[in-house]
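I've put the structures underneath this note.
What follows is chain A paired twice: with chain B in the first complex and chain C in the second.
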Partner chain A sequence: MAKFAEVFLGILTAMGGFVEIGELTFALNAGTTFGYALLWVVLLGTGGIMVYCEMAGRIAAVKRQAVFSLIRERDGFSAGLLTLVCANLVNLLTCAAEVGGVALIWQLLSGWPYRGLLVAALVFLVVVVWSTPFKWIERIFGLGGLLMVVFAVAALRFDPDWGRVAAGFVPSLPQLGERDTLLFAFYGVALMSSIMLPYETYFYASGGIEDHWKPADVALNRIVVVVGFGLGGALAVALVAVGAEFFKAHGLEPALPGTAALAAADVLGNVGLYVALLGMFFAFAGAAIETALSGAYNLAQFAGWPWGLDKRPRDAPRFAISWVAVFVLATIVVMTGIDPVSVVEVSIVFSVVVLPLSFFPVLAVARDKGIMGKHANGPVANALGWFYLVAITAAALAAIPLFVLTHGGKG
Partner chain B sequence: MKPTIELLRDVLDHDIVDASGVRCGIVDDIEFDHAPGKAPTIAAVVVGPGAWGPRLPALLAVVARWLFGRSVVRVPWDDVAELGQSLKLKRRAGEIGLGRIERRAARWLQRIPGS
Partner chain C sequence: MDDRRRNRAARRQAAILAVCLVALAVAAAAFLRQPADENELKIPIAELRSQSAELDVLDRALARGLAGRFAQAHAGQLAQTVDRSRDELTSLKTPERLSEQRADALRLSSPLVTASAALHEGRAPLAASTSAQVVASGAALQAIEERLRR
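And now, the complex of A and B:
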């Protein structure tokens, strides 16, 4: 029974933690701009994050080894260091966007000045992480993020044309002019990247070690990844549908986060509005915490420092200083007045470039029978692992040229 | 345990854990003893910026030396108790000189409530 509760909670937290400000932005925008035509990318990206989180979680359960230890061992020191620097830059930018998002939501609710709320958000996040055990952070923000389900309810209320929805799941390139084709490709890469953000894998594996997973938890890991991320992917589908049915139909641009909540308000009234804003708050704050911790995990694992929220800060001092530093730097980034959504756009493009170097060592270790024994990849995990490594490398190569050619998605 | 040890794969860049189970660094380099006419043997594993710095491309190595210095800590091979996913030591980090910065940071952090 206890085991069942653990699986259930794990699924809910995985689902609630799936969406953050980047995914919200790109899923809504993809729907608004191209209707359902990019749904297959959501499917592809959700599959990819499942495959690699499953492997990373399995390694964490079997060998108690986190992703950046693997990166250093398998990519070599120089390539590993490059991955660390890029990954943590992306973490910092993503964290900045989430902190900005939290402050924007508080501003909508209170009307207080944005910069003051940024400082309040910084203090709030540091105090929460400093004083709350890892398990409770996971649960509070994962379960709070579930309120985003209001967007799925809204999507259903809009009564979408199911034939067109189904057609969107078939990989295809619509007939468009040259500029729109480039824009379509950019949105595809950005949407895939926003679903497969690298911190998710780092955080997931480190979280498994924080939660003291054992080899017996390999099955738990698999269920949580497949069902939890599957439901999270369904939420992303719902966001695309909201974009297609509400924003496209009304000719609105879903600038965040106020306008996004309008879709929920449109069908569910005031309750919908507040539930959507509260869900976004938990989703953004949760992602801010995950990116800050992920930055500290990465650094500590690469450098061989003690790490983990189960240790008192004095027992893992450089780890504690690191996550506080990510929060502070992230707040400084948004303090400049830069729009959190444009920070998201940049961070998402660069995050896809980090993915191949992060995923390769995970695959190399997960498939190694000498290391993983009977828990090594079977043929299916291997085939999927290689498929996604190739796909993500192609996306990484295309990301920056597309970003430049489409002027950051502005067409 | 595998029958043979591959130094580059099983030792280099692996975690070092001291006798009380505290992570205290990563094997940044491996040092050999070699006398003329004798087979080389492992003398020590080396930890610190002076050990990983030179592994970077030349220009970055200069920057790393400038930023982090070139201090190293040599852990004699005789102090290694066990090879596995991580290197387990027979002694505590402090006795070998590892984890100095960590302890300094800890003293500093201890002033904050809840640490």
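And now, the complex of A and C:
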């Protein structure tokens, strides 16, 4: 019974933690701009994050090694350092967008000034991470993020054309002009990147070690990843549907969290509005914590410092200083007045560039029978691993040119 | 001997990196000095068109009983995005053939400033005349956007 409860909670936590400000923005805008035509990218991205989180979680359970310790070991110091710098810059920008998102949500609820709320968000996040055990952080923000299911309810209430929804899962390129084709490609790459954000894999593997996973937990890891992320992917599909049904019909491209909440309010009234706002708060705050901790995990694992939230700060001082520093720097970024949604648009594009560098060492270790023994990848995991490595490398090569050519996805 | 060779290689790499950075900076400066074409002008105009649609949705939701505190705060955030898009439009350097569209778009976006400020100040729906102006501005901005798309 206890095992069942653990699996159930793990699934809900994975699902609730799936969506953050970048995915919300890109999924809604993909639906607004191209209807259901990009749903297959959601499917592709969800498959990719499942494959690599499963491998990273399995390595964590079997070898108790997290991603950046593998990167340093496999890629060597120089290439590893380059990956660390790029990954942590992306983490910092993503964290900045999430902290800004939390302040925007609080402003919608209270009407208080944005900059003051940014400082309050910083204090809140630091206090939560400082004072709450890892398991509880995962559960509170993961389960709170489940309130985002209100968007799935809204999508159903919009009564979508299921034939068009089903057709969206078949990879295709609609007949578009040259500029719109570029924009379609940009949205495809950005949507995939927003689902496969690198910090999710770093955090997931480090979290497995924080949760003291053992080889016996390999099956738990697989179930949580497949079912939890699968349901998270369904939530992303619902966001695309809300974009296609509500925002496209009104001719507006959502650029603020409050705009997304308007869709829930349209069909579910003020209850829907407040559930959506609370869901976004938990989702953004959870992602802010995950990115800040990821930054600290990456640095500590690369440098070989002691790390973990179960250690007192005096026993892992450089780790504690690192995550506090990520929160502080992220808050400074959004304090400058830069729009959090613009920050996330940039961070998502650069995220995909980091993915191949982060994923290759994971694949190399997960398929190595000498290291993983009977828990090494089978032929299916190997084939999927290589397929996604090629796909994200192609996306990484295309990301920056598409970003420039489409003026940051604006047209 | 090895040290000298390594130093020479490091200096050569540093020089190549410096040349690449200067070339990039020159290219970026040249790119930024170019006047905006139709596609670039279309971006802030599309943003303003979307903001006018959003003001209309917000106004109608408020009339149907949307929480006043939320509507007020959201209108404040929306007012900032309207300002940002207008600033972007103002700062764009456009060639002569596009200056009329730019001026029209700026003029058409004025009701959005008024409407977002009115929604931010009170918790009541817009006056019928302001609301009609927002809708008309949105339609006119969309027409400019479509002309630029062709």
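In this section, the second predicted complex is superposed on the first by the 411 of 411 C-alpha atoms of A that agree within 3 Å, B and C clash if a C-alpha of one lies under 4 Å from a C-alpha of the other, contacts with A are read in each partner's own complex, and residues count from 1 in each chain.
Quick note on the criterion: a residue touches a chain if its C-beta (ideal position, glycine included) is under 8 Å from a C-beta of that chain, and two chains touch if they have at least 3 such contacts.
Only a predicted model underlies this, so the values are computations on that prediction, with no experimental measurement involved.
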item	value
Clash or fit, chain B versus chain C on superposed chain A	fit
Partner chain(s) touched by A:Lys63 [first = chain B, second = chain C, both, neither]	first
Chain B versus chain C as contact partner of A:Gly304, first or second or both or neither	first
Partner chain in contact with A:Gly251 - chain B first, chain C second, else both or neither	second
Partner chain(s) touched by A:Glu73 [first = chain B, second = chain C, both, neither]	first
First (chain B), second (chain C), both or neither touched by A:Asp266	second
Chain B versus chain C as contact partner of A:Ile321, first or second or both or neither	first
Which superposed partner A:Lys410 touches (first chain B, second chain C, both, neither)	second
First, second, both or neither for A:Leu104, with chain B first and chain C second	second
C-alpha centroid angle, chain C to chain B via chain A, nearest 10°	120
Which of chain B and chain C A:Asp339 touches, first, second, both or neither	second
Overlay on shared chain A, then closest C-alpha pair between chain B and chain C (Å)	5
Chain B partner contacts - residues on chain A that touch it in the complex	63-65, 69, 72-73, 76-78, 80-81, 130-131, 302-307, 312-315, 317-318, 320-321, 370
Residue ranges of chain B in contact with chain A within the complex	2, 9, 13-16, 22-26, 28, 47, 52, 55-57, 60, 85, 101-102, 105-106, 108-110, 112, 114-115
Touching residues (chain side chain C, partner chain A) in the complex	39-40, 42-43, 46-47, 49-51, 53-54, 56-58, 61, 65-67, 69-70, 72-74, 76-78, 81, 84, 138, 142
Residues of chain A defined as touching chain C within the complex	104, 107-111, 179, 250-253, 255-256, 258-259, 261-262, 265-266, 269-270, 273-274, 277, 339, 407, 410-411
